[in-house]
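One chain, subunit A, links the two complexes that follow: it is found with subunit B in the first and with subunit C in the second.
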Partner chain A sequence: MSPTDALLGIADDELVLGWRESEWTGIAPLLEEDVAFSSIAQNEIGHARALYQLLSEDADALAFDRPPGEYRCAPLVELRLLDWAHTIARRWLYETADEIRLGALKDDPDPEVAGLAAKIDREEAYHRMHAEMWHERLRDEPRFREAVEELWPYAVGLLPEQLRAELAARTGLDLPGDTVLRGKERGSHTDELAELWGEMTMVRRSAPAGAQW
Partner chain B sequence: MSEHVWEVFRQERRGQPFEHAGSVVAPDADFAEAWAREQYGRRGESVALWLVPRDAIRDVEDWADEFDLKYRRVDGYSIKARLKEARELAAESAARSRGAFSAGESQ
Partner chain C sequence: MVVDEQQVWRALEEIPDPEIPVVSLVDLGVIRSVDVREGHVRIEFTPTFLGCPALEVMKSALEARVAELGAEPEVEVVTDDSWSTDRITPAGREKLREAGFAPPAPREASAPKLVQLRSNVFRCPYCGSTETRLENIFGPTPCRSLRYCESCRQPFEQFKTI
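What follows is the complex of A and B.
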């Protein structure tokens, strides 16, 4: 995978996860959490935009004009999760994995990439605080543990192989075998992505080319 | 989750007083902080926040005001009205003494 592919993967993860999580806006289980969760979703989309701008002159085109099959996001962020236990389990797993890959990216030889990674990481620190706080509270709830177990292989599939051991160490979970990982790693897509893409790009596709917003 | 109300005070700039911004309902201090950050700090509108459990606040709202003690209040002194009165008095007495003087002179 080229460095550009790796960055595009992160950008697509952040865009699609931000989109998925914004689906909770207005219907999160607690009013305060509704505000916080929506804000985090917005931040993730902001990170995606900053990464797209690094990769292209036209961030919107890169974000919205590719067919779903060309997106580099991992299946974890595509899943449409309809309950809070799974949603928080994904949030926690995602942030734990994201910290590891941002840590690696902060050492990138390209100063622009390293700088942006550091900038994103400073904001992610608050996302981690939020995720950890929920994890602390729900970790012993059977529903939450089941959700973590179910999503764990997808979380592993978010990271390249060389970073996976670190993720296992941080979460205290065992790395799954290849058969379990099948269809859950970056490079595969779920059926849910096409549906999300349809909704996400609907306005842009309906407008004539070159429309000014 | 057992929930508590946390009153949020925010400081707009360093050195300025903290002002009441609103409240969050949260089960503990960590949740209160995370939620208050998002609601009262994410647009750069605060440089610092204070989170105070509402239970820690002592309400004082009953006052004994049986006697007319308005002289203890700043608004007990209406300087404007008194100045106006004093000016009128001074003008009056000046006019009177001028009148008395010219009356004497003409005698």
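What follows is the complex of A and C.
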């Protein structure tokens, strides 16, 4: 995978996950979580924008003008999760994995990439704290443990192979075999992406000359 | 009309933050540099939070203010780690506190951890008590958390350290 492809993958993860997290705005189980998920979504989409701007003069075109099959996001972020246990399990797994890849990116030879990664990491620290708080609270609940187990192969599929052992060490989970990973790694897409893409790009497609408001 | 660097800084000091208008963009420390050359003003602008919806508004306010001085603006957005809440000026911190926002704690070498957010000392901007607890890591904008003062029973907004 080229360095550009890798960055595009992270940008697409943040955009799509930001979109998914925003689906809790207004309907989260607690008012505090309405606020938290809205803020997290806003941050993730802001990170996507900054990464797209590194890769292209026209960040919106890169974000919205590709067909779904050309997105580089991992299946983990595409899943439409309708229950809280799964939502929190994904938050915790995603943030744990994201910290590992940002750590690697902070050492990137390109100072622009390394600088942006350092900035993103400072902001993500608050997402990690939020995830950690919920993980502390739910980790002994059977529903949460099942959700983690179900999403774990997808979380592994988010990272390139060389970073997966670190993720297993931090989560205390065992790396799954190739058969389990099939369809859950970056490069595959779930059916849910196309539906999300339709909604996400609707305004842009309905106003090809550019929407202003 | 020929403008000099000092005039530009003075003009920028008048631009309020779009979401917390008690502080200016200069108080916030988001202007990294101003470079004036033959009627051309180049500003390096460092965003606060990347997801902050006010970034575009701040950028266009900078451009408009420079244009009002009769100069040609160029605003470069620098998205590296050089902006930190430590860049908020002492005057800016005081204005925040007076408006009921607890100013951010100093940045440390590594990103903050949950244990620090729970155990470090955070002072209530209303009564000065340190008997405060974390209510929500997130608040009305990405840059703020919510805390509650046990002494004066007042909820308040705490600036996140980044």
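One rule holds for everything that comes next: the second predicted complex is superposed on the first by the 209 of 213 C-alpha atoms of A that agree within 3 Å, B and C clash if a C-alpha of one lies under 4 Å from a C-alpha of the other, contacts with A are read in each partner's own complex, and residues count from 1 in each chain.
Going forward, a residue touches a chain if its C-beta (ideal position, glycine included) is under 8 Å from a C-beta of that chain, and two chains touch if they have at least 3 such contacts.
The structure displayed is predicted, hence computed values, not measured ones.
*Asks:* Clash or fit: how do subunit B and subunit C relate after the overlay on subunit A?
*Replies:* Partners clash after overlay.
*Asks:* Per the contact definition in the header, classify A:Met133: touching subunit B only (first), subunit C only (second), both, or neither.
*Replies:* both
*Asks:* Give one of first, second, both or neither to describe whether A:Leu82 is in contact with subunit B, with subunit C, with both, or with none.
*Replies:* A:Leu82: touches no partner chain.
*Asks:* State whether A:Glu112 touches subunit B only (first), subunit C only (second), both chains, or neither.
*Replies:* second
*Asks:* Tell me which partner touches more residues of subunit A in the superposed arrangement, subunit B or subunit C.
*Replies:* Touched residues of subunit A are more numerous for C.
*Asks:* Just to be sure I read the superposition right, which of the two partners does A:Ala209 touch: subunit B = first, subunit C = second, or both, or neither?
*Replies:* Touch status of A:Ala209: no partner.
*Asks:* Enumerate the residues of subunit A that count as touching subunit B in its complex and touching subunit C in the other.
*Replies:* Touching subunit B in the first complex and subunit C in the second, residues 32, 35-36, 39-40, 126, 129-130, 133 of subunit A appear in both lists.
*Asks:* Mind listing the subunit A positions that touch subunit C in their complex?
*Replies:* 32, 35-36, 38-40, 42-47, 49-50, 53-54, 111-112, 115-116, 118-126, 128-130, 132-133
*Asks:* Spell out the residues on subunit B that touch subunit A in their complex, using ranges where they run on.
*Replies:* Residues in contact with subunit A: 1, 24-27, 30-31, 34-35, 37-39, 42.
*Asks:* Taking the complex as given, what residues does subunit C use to touch subunit A?
*Replies:* Per the stated touch rule, the residues are 49-53, 79-84, 111-114, 117, 135-142, 160, 162.
*Asks:* So in the complex, the part of subunit A that touches subunit B is made up of which residues?
*Replies:* 30-33, 35-36, 39-40, 126, 129-130, 133, 136-137
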